[in-house]
Structure formats: structure tokens, C-alpha cells
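Heads up, the next two complexes both have subunit A, just with different partners, subunit B and then subunit C.
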Partner chain A sequence: MENVTSTAAGAERLRLARVLGPAHVWALGVGIVLVGEYMGWNFSVGKGGMIAGLMACWVAGLLYTCVAMIDSEVTSTVAAAGGQYAQAKHIVGPLMAFNVGLFLVMAYTMLEAANAITVGFLLDTVAGMQGQAGLNQQPFIVLSIMFLAWLNYRGVLATLTFNLVITAIAFIAIIALFVSVQLGASAVPLDFSAITSDPLPYGWVGIVASLHFGLWYYLGIEGTCQAAEEVRSPARSLPYGTMAGIMTLLIAATMTWYICSGLIPWEYLGQAGTPLFDAARITGNTGLMVLLFVGTAFATLASANGCINDASRAWFSMSRDRYLPSWFGAVHPVYRTPYRAIVFLVPIALIFALGAPLDQVVTFSILSGLLGYTFMTFNMVMFRNKWPLDKIKRGYVHPFHPLPTIVLLILCSTAYFAVFLGYGTQLSAMMCFYIVASLWFHFRRYKFVRRGDQFTMPWPKPNGY
Partner chain B sequence: MAYEPPKQSLAGQIFDVVTLLVLTIGALYIPLYLGLAGAAKVPNPIANPTWESLGQNATEQQQWAALGITDPAAANDIITARFDYSFSWSSLIIMAVLVIGYFVMVVRLSDREYREVIEERFGTKRR
Partner chain C sequence: MWNILEYAAWALSALFGLLMIADLVRIDTTYDNELLISSREGEIEATAERHEI
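Right after this comes the complex of A and B.
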């Protein structure tokens, strides 16, 4: 097949550089997601109470374990830039791939916007503590997004090495807070009396409702496979990095719930902008406050950084395949990054970061992620049916198939209902967006797509075709 | 003979990008901007609130104070705000149809496209 990349200029047919190892994969996954412990997850407490928040944390952990298992098998076999997008292209078809690409772009761009909002809110809080209330957050929001976009523009290795360092510091900050409070560093004791005095303020429906924001603890871990084309050994590094990431997050999520629920009244926690930093404030310990300020800032920056990386890769992949204008499918001749995709997504992130409330932006991100997880269920079944285990070699085979798929589908259905409870309008808006976008692709855009180029893996013909 | 797509002009590329931008901002941002979307969390403040009447014990009062809120009136809205989870079954069914219908539509149309891909890649049209 000639001209596989289908880009216009010769310079644009440059390949992405294979420079990443398992630690970078872990850093990319955890780096995007760890911010979920620093903000957003606590809205699950607001939707259902303390117990509901903990149950949401664990149920969402189960959902993401299924996601990681399924994703590891498919990604270790479809090791191409774009991750789930490339999977959909090879297993379901172009329109599904276009939708999955949009899921990824929207989920990560909204997460990036949420991170920038949190940076602004954090600085405003600290300014208020210093007697300078009413700080204008907008310059800091713009600066965060612009700086990280520039970093991504300059190169993936520097970007993810930067992420590796600041993610590690943010993770250590959570452990330090947990250990310090256990050793009595807090001036205010842990108090879990609300578990008995006000266990389920919304009843059992609150537990279901809280799953909505429970997803935020882990949302984005599937981003590990976005860098598949830039990983030195995808079949080994991607499953290892992803599974290590989900284990890291399960531990961090449980510790976060414990500390925040013990130190912060649940009603405040349910609407807090920076819960871990607030927990550190309540301890009255200056060292912990500084550490969690740094942790929150680093977690949000690491996440936004990873989001720009992932969203731009998905946009780049779609453009390279002409699902979007091919102009975006260019690789920078010096830095070898998808620089046009990176720059184009900056204003979209800015619009939402500057003009939408945090919980709404978080909900849009969660919904796009949720649609992506729903896709994974039938994608996995189709993958095994079209290419049974003896037909193509996988880098990793997940156990107990189809149990993880069934569990994932049940949990996704429950999560849709959870979002519907309180945020039904956003769910409707999102579905309308994807339906119209799908029709636009099928009837307008698909004519520009080279059919044969949509299947590039060296696999045999799928069963049933 | 493999399918040869038409070459898209620069104007056509710009038109497609603008379409997607309008769709993104129109469907997702405008409802937020106009206040049409939003969580149904409504404060139900009580008259003459005290920490006790708001259900806050001594430790929780310490926690509120550490957060800079010492006046129970300032915490009244936060503590009493609740979501309204009442819903109509018809709206739930419509939502379910929307989600399921979306996936059915995408998978069916994808399969139609996928057959063309497989035919060109593996069939007689292989280049």
C-alpha cells in the first residue's frame, strides 16, 4: 500500500518517535488520573453522602479494573497511536472509530479544562488565606493551558519525563498526608460520626447517583494506550504500565476518601474545589498545607499535560486517516510531535475552562469517558469473535472472558443512570452532539476516507466477512 | 479498482473544522452558558441556624472553623443543599432509547463502512 499516512507533504509522513518505557506509560496513566484524587471525586460524596462516596470509589475501581483488563488485551495487539480509536477502526468500523476519537478528544480536553479551573481555584484559595481575596483566576487558567501546550509542542519525551516527576511528588503528598494524620499531626481529629448520624442522606438511590463522580477517581487511565506508537515495547509496557497504574490509583483513592471524609464535614466535602488541600488546611500543619498545595498544583498540571498529549494524539490520528481535515495530521519536522493538533485544541479547552463551572466540565469529561467504556464492551466481544485466540497472537490475554465485559456493561448502564440523576440535561446534550456528529461523518466526511487504509494491522481476514 | 477519495479543497477543510467547532460549542457550551444545564442541587436554609440545629457536632464545628467558617449562617446553604432525584419514567425511557439508539445506529452504519474496508483490503479490490 502506497502513501499509507495519506498526508500531503513528505515532511508530514514522519513517524512519531519510539522513546517511551513502562514507567512513562505508568506516568501517563496515573499522571492524567491522579488529579481525580485531588478534585472532582468529592462531588460523589455530595451526590450520596460519605458511605456512598466510598462505595462509588470501590465500584468505580471495579469498573476500571475491567477497563484495564480489556484495554490491555486489545491494545497489546493493536499497538498504534490513537489507542481505542485504532482499535475501533480495525474491529468495528470507521464511524465507530470517529466516535471513539471524539470521545477521547472531548474527555481529555474537558479534563484539561477542569484541571485549569482547579489551578485557578487553588491559587484563589491560597490568596484568600493570605488576605488577598478575590484573585482573578483567569490569567492563571490561560497561562496553565498555554504553558503545557507549549511543552507538548516541544516533544513527547520531555513532556512525559516532566509528568513522571510531578506525578510521583503528587502521589507522595497523598501518602504523606495519610501517614502524618495517622501519627497525630492534625490539630483536629478525624471524625466519621456522619457515617452513623447521617449514613445515607439520599437513601440507596444516593449510592447509585454517587457512581457518577466516583468515575472521576480513575477517569483517563485508559489513556496509557494513546502513546502506543511511541512506546518501545508495546506488548510488554502497555499492560504492565496500565495495571500498575490502576493498582496505584485504587490505593490512592481509598486513602483520599479516608482522610478527606474524616477531616472535612461531608456537606462541605461534597462541593469543595480542592478537597485534599482543604484537608491539609484543617490539620493546621503548615508543612502539610504547603505539601498538599504543591501536590494539588502538580497533579492538575500533570493531568492537563497528559490530557493535551492524549487529545492531540487522537485528533492527529483521525486527521491522518482523513476522518478530519488532513492538515491536522502533520508531524513537526524538528520536534516530531502532532503540533497542529496540539495548537488547535487549545482554544476549545480555554472556552470551557473560562466559561463553565467545574462540575459541569467534569460531567462532560465523565460522559465522554463513559461512552468510551461502553464501546469497549462490544468491541471486546467482536474482537474475540472476529479473531479468536488461535487466529492472531496477543501480547496479553485477559482472563475470565466474557465476565469482565459483562460486569463492565452492567456498571456502565448504572453509571448512565447515575449521571441522569441530577445531570440529565448534560447527558441529553452530549448524546445529541454525538448523534449529529455521527450523521455528519457518515453522510459528509466519509467520502474523503481511503477505505483500504483503514485496516493496517498484519492480521488475517476477520471471521464473518 | 480501489476507491479513490476526492481531494478536499482548503475551503472544504476549513468548512469541516468550523462545522465541528460549531457543533461542540453549540451543543455543549451554549446550554451551559444559557443556564439550561445544571445540577438540581437546591439549598433549603433553616431559620436562625445554629451548629446544633444544622446537625454539626463539636469536632465538625472545629473543622468548619479551620476552613474559615465560624458563623453557622455562612454554612447554612452548604449544609442544607440537596439534589432532587425525583424523575419521570418517561424521561428515563427516552434517555435509555437515546443512548441505546445511538450505539445501534453507530454500529450498524460502521458495519456498512467496515465491509467496504475489508473488501478493499482483502478482496478483489486489493491494491
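Right after this comes the complex of A and C.
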């Protein structure tokens, strides 16, 4: 069987397929995130006005540039499915790894649910424009999750090639809108007068509050490293795809803010469901309107698709190490995907997509992501201390260490405060959930873990051990 | 038209779900579970990437 490798001991083992290149890594990272340009980020404008929206865009951009640099260095060395979970396991310890694995599964599953809800909302909008008010969104929400789960089940190459195509179209749609408006295709001129007439409607605290939704521009770019075990050359492809991804997003985010803030009054922009699509409608150009509708739909599907890929890899990796029941750590012998993990996470995504409000789902996703970024700060410091640059080879070495780590920690702290201002109860509930889960893992689950088997990297002993 | 699309969406959802479940059952009954869960994390490192200076 060609999908099976033989080990030195003679036993046959299945493994995930190593078929991806840097473009797929880019498609995974940007695909998950680009939906944030099409929806969600604009609530930052509602929290603090136009200037606050722009500052949130760039401050969050700085936060995620630090995330991308740090992640690129560590993941180019710890090239295993599970991404940050595998990093935590090797660098910090099992309890941290269990928590990081849960952060990943929760963040991506919630984001997948949010995307499915958005597909339903988008089709409801179109049906409303055609005179069919009150569309039943549920079948379309369910279909988007089931179709993408089936695609993921069938193989990673087809899944991420599909993502590459639809993500590229969604990105080109943003550029096309920007260029068209610059060339005068819009019936309504760009208007930035609110910057001077109403610069900070809620004062400086509005800027801090807006940071919460500014994260939405880039949330999920760290998902690139979940593909580590399926790329042909992890040490090269992962940093290349991740850094290209964050550059793409910085460009797309700034263009998005510029076009939407110039075309839509900030009071309306701060509440819009699909800001880029709304901006295209305001231009009065039918071609742009169709293009941005397609871009919104594709960005949403690409994000849900990438989230299924990443959540299943994290769940699979934890199960493979017996942090969760090992039954979920199975690889499909033909498609070479973590098929049981993919199927298991489908009903969980459906429950959140059909039963929870969008803002709650988004907030839980953001909080889980933030916890993961906070972990990255001390993970990076420990990695450099235990294995300095002259001890093991990296595929990428990020510059100015420890400055990006310090900046990331400061920005994470600010973002926690911003989330607390609007969603303090959810923040507390989420922390309680992770504490209870940690107690369960420590007292009930860790005894099943094969302790010697989980540390797989052929690294020298760390400094101090 | 939208009513028909709603029914079509339900039908397609059921189809994709059934395809996955049927294949999962087929694989689980055809192959030994020890083989299916035999994947190990470090095999890429052992074969392709060496972290040595």
C-alpha cells in the first residue's frame, strides 16, 4: 500500500499526505482570515469612529505581524500537525499543550460556525433583494458545513487548491473595488470629512474598545502552521506562506478601511453586516456589486474550509498523543486525512451555527485566539533560551528578538482589556471553562498519555537540563 | 425558486453527510484499527528535516 510507511521495526504506519506547497499555506492562512475584511472589522468603527477604526487596523496589524514572525520561526522547527499545540508540547509542557490544543479547536470551530451563519445571512440578503423576505437560512448553513467537511474528508490537496482559487478571487475583488473607485467608477465620491468633523466620537477609550474588532482583520493567520505535516518542505514553505499571508492581509485591510470609510458614513459602517458588499452597492456599479457579492461568499467559504482543516488537525494531533481518546487519531488509508476528527467536529460546528448568536460565537473565537497569542510570547522566550540559535537550525529566524515578543504581550494585554469592556462575562466564562478542562486533563486524562512517545523532535538536550 | 433551493440544500446536506458516514463505516470495518491510528508525529523529522548546525 503506497500510503503506508514502514518503520525500522518493520511495522506499517499510515501518515498524512505530504502534497502541499507554499501557495497552499498562503491559501490556508489568508483563506481563513480574509472573511474578516468582508465582515466584522467594521464594528471597530462603530466602537470609536473612523480614526479609531484605522488605528485598530494598524495596531492589530502590528500584533499579527509579531504573531506571524514568531510563529514562522517556531513552526519551521516544530514541523508537526497541531501547530502551536505541538510547539507547546515540546517547549513548555503537557498541560500547556492541552490548553493550546483546546484554544485552537475552539477558535477554529467557532469561526467555522460564524462563517456558516454569514453564508445564511448573505443568501437571506440576496433573497430579500429579489422580494423573498424571511428566507429559512438553516438549510444553507448546514449545507456549507457539510459540503466543506466532505471536501476536507476527501483530501487536503483538493481542499486547499479549492481554497487557493476562491481566496485569490476574493482578494482580487477587494483590489478591483479599490482601483475602480480610484478611477471614478463610483457614483458617490469618497468622503473623509468625518476625520476632521468627528475625529474621536467616544474619546480615546473608543480607540481601545475598537481594538477588539480590529483583530478580526487578521484573526487566524497563525493557522498556516497546522499544515506542517502535509507540506513538502516545512522549513521553507511555512515561513514563506505565513509571511506572504500577513503582507497580503495588511494590504487588504488598509484598502478595505479606505474604501468603506470613504463611501459609507461611519455611523452606518459601524453596524453594517457586509461592509465591502455594501460599499459596492453604494457605488451604483452592477459589475462591482456582483463581484463583491461573489468575493463575500468565497471569502466566507474559504474561511470555513480552512477552519475545518485546522480544527481537525489540532484534534487529531491531541488524540494521536492520547491527550484525547486515541480513536480520533486515525488517518484515512486512501485519502490520508484525519477523517474521524473531521466527522466528529461537524455536529459541534452545527450546534454553534444553528443555536448561538453570531456576536457570541465571534467573541468566543477571538478570546480563544487571544489566549493562543499570549501563549506564543513566553513560548518564544523559552524556545530561544532552551535552544539558542547556535544549538538547532531554524527554517526562519525572526529579527529583533525579544522586541516582537514584548510588543505582542503588550498588545494582547490591551486587547484583553478591550474585550473586557464589551464582553467581560464571556471572558470570565471562557477562563472558567479552560480551568475546568485543565483540571480534568491533569487528574483524569494525563494517566493515559504515553509520556515518552509524545516528544518526537530529534533535538539536542535543552539548556539547563 | 428559493423554496426549491431550500429543499435542494437539505437534500445535498444529507447526501454529503451520508457519503462521509458510509465511507467511515466502510473504512473502519475494512481496516485494522491499530493500522488506522498508527500515525506518529516525528516521522517527517526522521526522514527529511535534520535540525543540526
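By our rule, the second predicted complex is superposed on the first by the 452 of 465 C-alpha atoms of A that agree within 3 Å, B and C clash if a C-alpha of one lies under 4 Å from a C-alpha of the other, contacts with A are read in each partner's own complex, and residues count from 1 in each chain.
Please note the rule applied: a contact is a pair of C-beta atoms (placed from the backbone, for glycine too) under 8 Å apart; a residue touches a chain by one contact, two chains touch by 3 or more.
The structure presented is a predicted model; accordingly, all values stated were derived computationally and were not measured.
When the two structures are aligned on the shared chain, A:D310 is found in touch with neither subunit B nor subunit C. In the superposed model, A:A330 lies in contact with subunit C only, and not with subunit B. By the touch criterion defined above, A:Y416 reaches subunit B but does not reach subunit C.
Once the two complexes are laid over each other on the shared chain, residue contacts for A:R451 go to subunit B alone; subunit C is not touched. Touch criterion met: A:W150 reaches subunit C, while subunit B stays clear of it.
Touching more residues of subunit A than its counterpart among subunit B and subunit C is B. Once the two complexes are overlaid on the shared chain, A:E267 sits against subunit B while remaining clear of subunit C. In the superposition on chain A, A:D71 makes contact with neither subunit B nor subunit C. Look at A:E222: by the touch rule set out above, it reaches neither subunit B nor subunit C.
On subunit A, the patch touched by subunit B and the patch touched by subunit C overlap at residues 326-327, 454. Contacts from subunit B toward subunit A in the complex involve residues 2-6, 8, 13-14, 16-17, 19-21, 23-25, 27-29, 31-33, 36-41, 55-57, 59-60, 62-64, 66-68, 75, 78-79, 81-85, 87, 91-92, 95-96, 98-99, 102-103, 105-107, 109-122, 125-127. Considering their complex, residues 1-2, 6-7, 9-10, 12-13, 16-17, 19-21, 23-24, 27, 31, 33, 35-46, 48-53 of subunit C touch subunit A. In the complex of the two chains, the subunit A residues touching subunit B come out as 1-2, 46-47, 92-97, 99, 106, 128-129, 187-189, 191, 193-194, 197-198, 201-202, 205-206, 209, 263-265, 267-268, 271, 278, 281-284, 322, 324-327, 344, 348, 351-352, 355-357, 359-360, 364, 374-375, 378, 416-417, 420-438, 440, 442, 444-452, 454-455, 461-462, 465.
Of all residues in subunit A, those touching subunit C in their complex are 4-5, 11-16, 18, 77, 79-82, 86, 127, 130, 132, 135-136, 139-140, 142-143, 146-147, 149-150, 153, 229, 233-235, 317, 320-321, 326-327, 329-334, 339-340, 342-343, 346, 390-393, 453-454, 456-459.
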